[in-house]
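What follows are several structures.
Below are two complexes that have chain A in common, paired first with chain B and then with chain C.
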Partner chain A sequence: MSEAHDDGRVLLEIKGLTTAFSLAEGDFNAVDNVSFSVKEGRTLSLVGESGSGKSMTALSVMGLVPSPGKVVAGEVLLDGRNLLDMSAREMRKIRGAEISMIFQQPTSALNPTYRVGTQIREVFKLHRDWTRQVETEKVIAALRAVGMPDPEARLRAYPHELSGGMAQRVMIAMALACEPRILIADEPTTALDVTIQSQILELIRELQSSSDTSVILITHDLGVVAEMADEVAVMYAGEIVETTDVETLFDEPLHPYTKGLMGSVPVLGDPRPRLEAIPGTVPNLTELSVGCRFASRCQARIEAGLTVCQTHHPELVEVRPGHAVRCWLYSGQEVAE
Partner chain B sequence: MFAGREVGTLRSMFTTPSALVGVVVLATVVVCAIFADVISPVDPAQQHLLYRLSPPGTVSEDGVTFVLGTDGLGRDVLSGIIHGSRVSLIVAVTAVGLGMLIGVALGLVSGYSGGWLDTVIMRAVDVTIVLPFMLMALVLRLALGPGLGSIVIALGISGWATHARLVRGEVLSLRNKEYVLASVANGAPHGFIMLRRILPHVLASAIVLASLQVGVTIVAEASLTFLGLGVPPEIPSWGQMLANGRDYMTRAWWVTTFSGLAIVLTVLALNLIGDWLRDYRDPRLER
Partner chain C sequence: MRAGLVVLRRLGETLLTVFLMVTIVFFLLRVVGDPAELLVAPEATHADLDKLRAQLGLDRPLLEQYVDYMRSVVTFDFGRSLTQNRGAGELVGEAVRPTLELTGLALLIGVPVSIILGSIAALRRGGIVDTVTTAFATLGRAMPSFWLGLMLIITVAVGLRWLPASGYGTFQQLILPSVTLSMIVIADVTRLTRSSLLEAYGNDYVRTAYAKGAGPARVTWFHVFRNAMVPVITIIGLRTAVLISGSIVVESVFAVPGLGWLLIRAINRFDFPVVQATIILIGFLVIATSLLVDIAYVLIDPRSRSVRRA
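So, the complex of A and B:
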């Protein structure tokens, strides 16, 4: 985490990804011109409120955008190959084998009618040409790797017999079974209690360092970000508003929204009597203003007396190497000093 | 674990009196159908012309007891009912099986794929359901010509639509379950997801529906036969006996009464079992 600036090889690069939904209420982009890259063996965290487009970004990368959504622009480059150009068949070979995903609710992401072992075996059936016996050995090995006690017996358990933490371990075992290069973890600990949460995060980190897997961690929990991430992209209303390495983000957050998020986190020993909340709510994506999407909730804009925020949409501008912000406070002549 | 669940099933069955009654009655009918040749006292086709329309309990000179009497041609009613259970069960079960096969397959595809295919299949369901079941079976049977096979097909095709609609509804809710999404995220192809991930969940309710449909289909087969469009007259069947007995109803009540009773009891048993199955499957109902 500390050596955030060194150069790893870029494994996954996302350029201008835009996912549009067209509903009766209107058309909107759930993911709007999102670009970021994930380096080998490192963790990128997508942070934002509910509805900010984090999960939809992950689903777009996996090619799993639910209907009527559609990826309408951009590139998802895995080793230079654009996943968005791939056929359904090619994409199936990628999913589960090169990029895999774990979900928020481990107990509902496991099929209640099948034993745990059968479900992990499914991944091998789809991606590996192994005999049944080898499969069984690998399933046991996968369960052992995620710290499942007595894996030979747990193999035969049904999902309802597992606790939430154990179920999430099974999900991780399943996701990492084929040693993917990228693991997308969509709020992997939100449904778990705090002690289990830290165990699961610790497990992901251990497995990541032993296998050099890259992780895209989706969360709204800044504590999880601080603990896990190397790089962070903060999302708001479908677009990235700030991206930098984790230390800079916590030391020197620039975007008023990021600052607001930081202010709303309780800190032990903090003298503040109340937590600061960001006023207002995330705007309705079907009725976005032409200006900055955060403008209506932004205190800093009023303090700085900026009017451009309501009339012009800011671009994501690199204010220093590796730190980009989408805010008029920091771009062009409007830089406030 | 699975064995444990089956023991639970049995226990629940024995503690639900109506289910037990249903199972006992149905088991009796099934045993009659399988061992008809052994059980029935005389050949159901044999005509005892001297004993035409004998009331129940009549004993003939050569020592044959007509427990449930004889019909207009002197045929033993009890033997006819025992042999008739074969046709009723075979026709109903295969017809419902056929309907279930078509309905589940189309419902699965319809719910899973959505879009225009869903629209086409569901409009076909609407058209099928709008037509009265009997009318549809009647028309199909006339179009297909005589024979047991065409009755099965006619009844089966008439019954597919309810299965398709039921299954589609369930698939729609299952399709968006996280474990289905997780399966897609693992790289599973559509066929695999439909057959291995969704079908097992849908099958239970399809079986419940089928158990209730078998009853309806037995009545439908008997009705077709009663109208002379069903089972050929040379095969003993309940519908045929009802039709034959109709002419003598005022003189010999036993012919129609007992064959009608056979239909009523069998259908009742199937409904009791179907109800119990549905309740047993529904975790919201306390058992």
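So, the complex of A and C:
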């Protein structure tokens, strides 16, 4: 979060990314016209409830959208090259080498039938042309870098012999083995104990600063956001509803949904008798209204007496430099009925 | 638990199983019939019968016969055949070879065929191979071995004259009965391979492998296949046990002088020692198979090792 980085070079730029699913229940866009950019060496956090499309956004960037989903529009520009135009073979060279990903359940994300060392070595087999001996040295180095005690012995361990925290360290070692430029971390600490959570976050931050890797951190945990993020994009029902830097988000959240998220976080010494939950649930993506997707749960709309929310879909509007919000409260005046 | 203890425990379990099996067979046989009546000439008197029973030791109290028998079994003496002037162990020893050849060849045909068919069906889900394989596997389950055996004899042996219809001694004679037996494996294992592969594709580590930059072929054969084989191995083991007992029917259809053939003839003649010896051997083979499955299991799935140790 140092000031020197404020004008960092944009490494990954996502423009109008839309990922559609066609299911028996109906068609919907799990990711809908999503745009954001990630600067070199910085951390962007995608925040939202389950089903908001944050994981699907990450998988779309990786080119790993599960069937029957499909990226139907947009661009994913890595250094100006559009990943969506690349062949399957070209994308394989990007995955694991330039963009890596770690997941929520580290133990099940590792193959139970192979030793940890074999699984890390696989990344080298796929992306590097090294001798077996060099590979082994690099595997040990990768395990050492993530703070694995006794890496020479641990490379012979099987995933089930590791704790969740250790398994996530292995995943991180594997993801960073080829020194990628972007690490996508999808809820990397959600399945871990609280004490282990902070160790893993600390590890990601350390490795990031020593290698200048950019991180896309997907989480629903605002505590993790506050600790890790430089920029934040809040997602709701497949869309980005607010995006800004982390200080502004916590000091001055604009979107009623973002405010609602803040209200549902416990704070030490909080005078409130109970946490405020956002009423209602995330809408079904196959039955979205024409208006704002948050309208049915929005208290602020009722208080402000806005009717446009239910009839017109708001655009993401930059209300001040670097702070954009998708809400009629901040741009309602310009609407032509 | 230490590895040595595990082996010891298994050995103990095996011995207990065999002991119970022999006991049950021993008493069951003595309920169903009297070999002496079959052995004597039709014009024999009651006195002749009693004499023969005494000769065979069948007049003694049942428990005494049992203890006696168990004592000799421990020293691998299975007694003499009541109908042929030979040792029961010797007869069984001769018959085991054809049966092992049959089941071995049936596995050699059945396992690769089912794994290949099941894999293709899974990889090309909804395709022609998938549809045909599913129909084929269902048919295979529904079809009794003796009927399939007869159909093969009628078409391949009698109609086309490609292979001999029955007997034992040449490799050609083994083919039809083995193919018949292999259906027992193919029907189940094909379907299981398919579903097991499809299920394994849903695992998180598959996504990880793709995220590392692995291609579909590598994901399938390096990551998914090995995991998918864990349940398949178990079923192959269970099916092998069925194969050994299933060969009783198939051996009769094709007149192969194996364990099944020997067993049926011995049962018909109340040849107790031979029946008992055959059952003991079949039991041993089945138990040995499950031991082999356990070993394969440990080799393929590291998790099963520490479960034992825990």
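Throughout what follows, the second predicted complex is superposed on the first by the 329 of 337 C-alpha atoms of A that agree within 3 Å, B and C clash if a C-alpha of one lies under 4 Å from a C-alpha of the other, contacts with A are read in each partner's own complex, and residues count from 1 in each chain.
Rule of thumb we're sticking to: contacts are C-beta pairs under 8 Å (C-beta built on N, C-alpha and C of every residue); 3 or more make two chains touch, one makes a residue touch a chain.
Here the structure is a predicted model, which means the values were calculated and not measured.
With chain A as the common reference, chain B cannot sit beside chain C without a clash. When the two complexes are overlaid on their common chain A, residue A:Lys93 makes contact with chain B and with chain C alike. Judged by the touch definition given at the top, the superposed model places A:His160 against chain C, while chain B stays out of reach.
In the superposition on chain A, contact is made by A:Ser67 with chain B only, not with chain C. When the shared chain is aligned, no partner comes close enough to touch A:Trp328: not chain B, not chain C. Of the two partner chains placed by superposition, chain B and chain C are both touched by A:Gln105.
Once the two complexes are overlaid on chain A, the chain A residues touched by chain B in the first and by chain C in the second are 62, 64, 92-97, 100-101, 103, 105, 108-113, 122-123, 126-127, 158, 171, 174.
Listing the residues of chain A that touch chain C in their complex gives 62, 64, 88-89, 92-97, 100-101, 103, 105, 108-115, 122-123, 126-127, 158, 160-161, 171, 174-175. Across the complex, chain B is touched by residues 62, 64, 66-67, 92-97, 100-101, 103, 105, 108-113, 122-123, 126-127, 156, 158, 171, 174 of chain A. By the touch criterion stated above, chain C contacts chain A in their complex at residues 203-205, 207-215, 218, 222-223, 226-227, 300-303, 306. Those residues of chain B that touch chain A in the shared complex are 1, 114, 176-189, 192, 196-197, 200-201.
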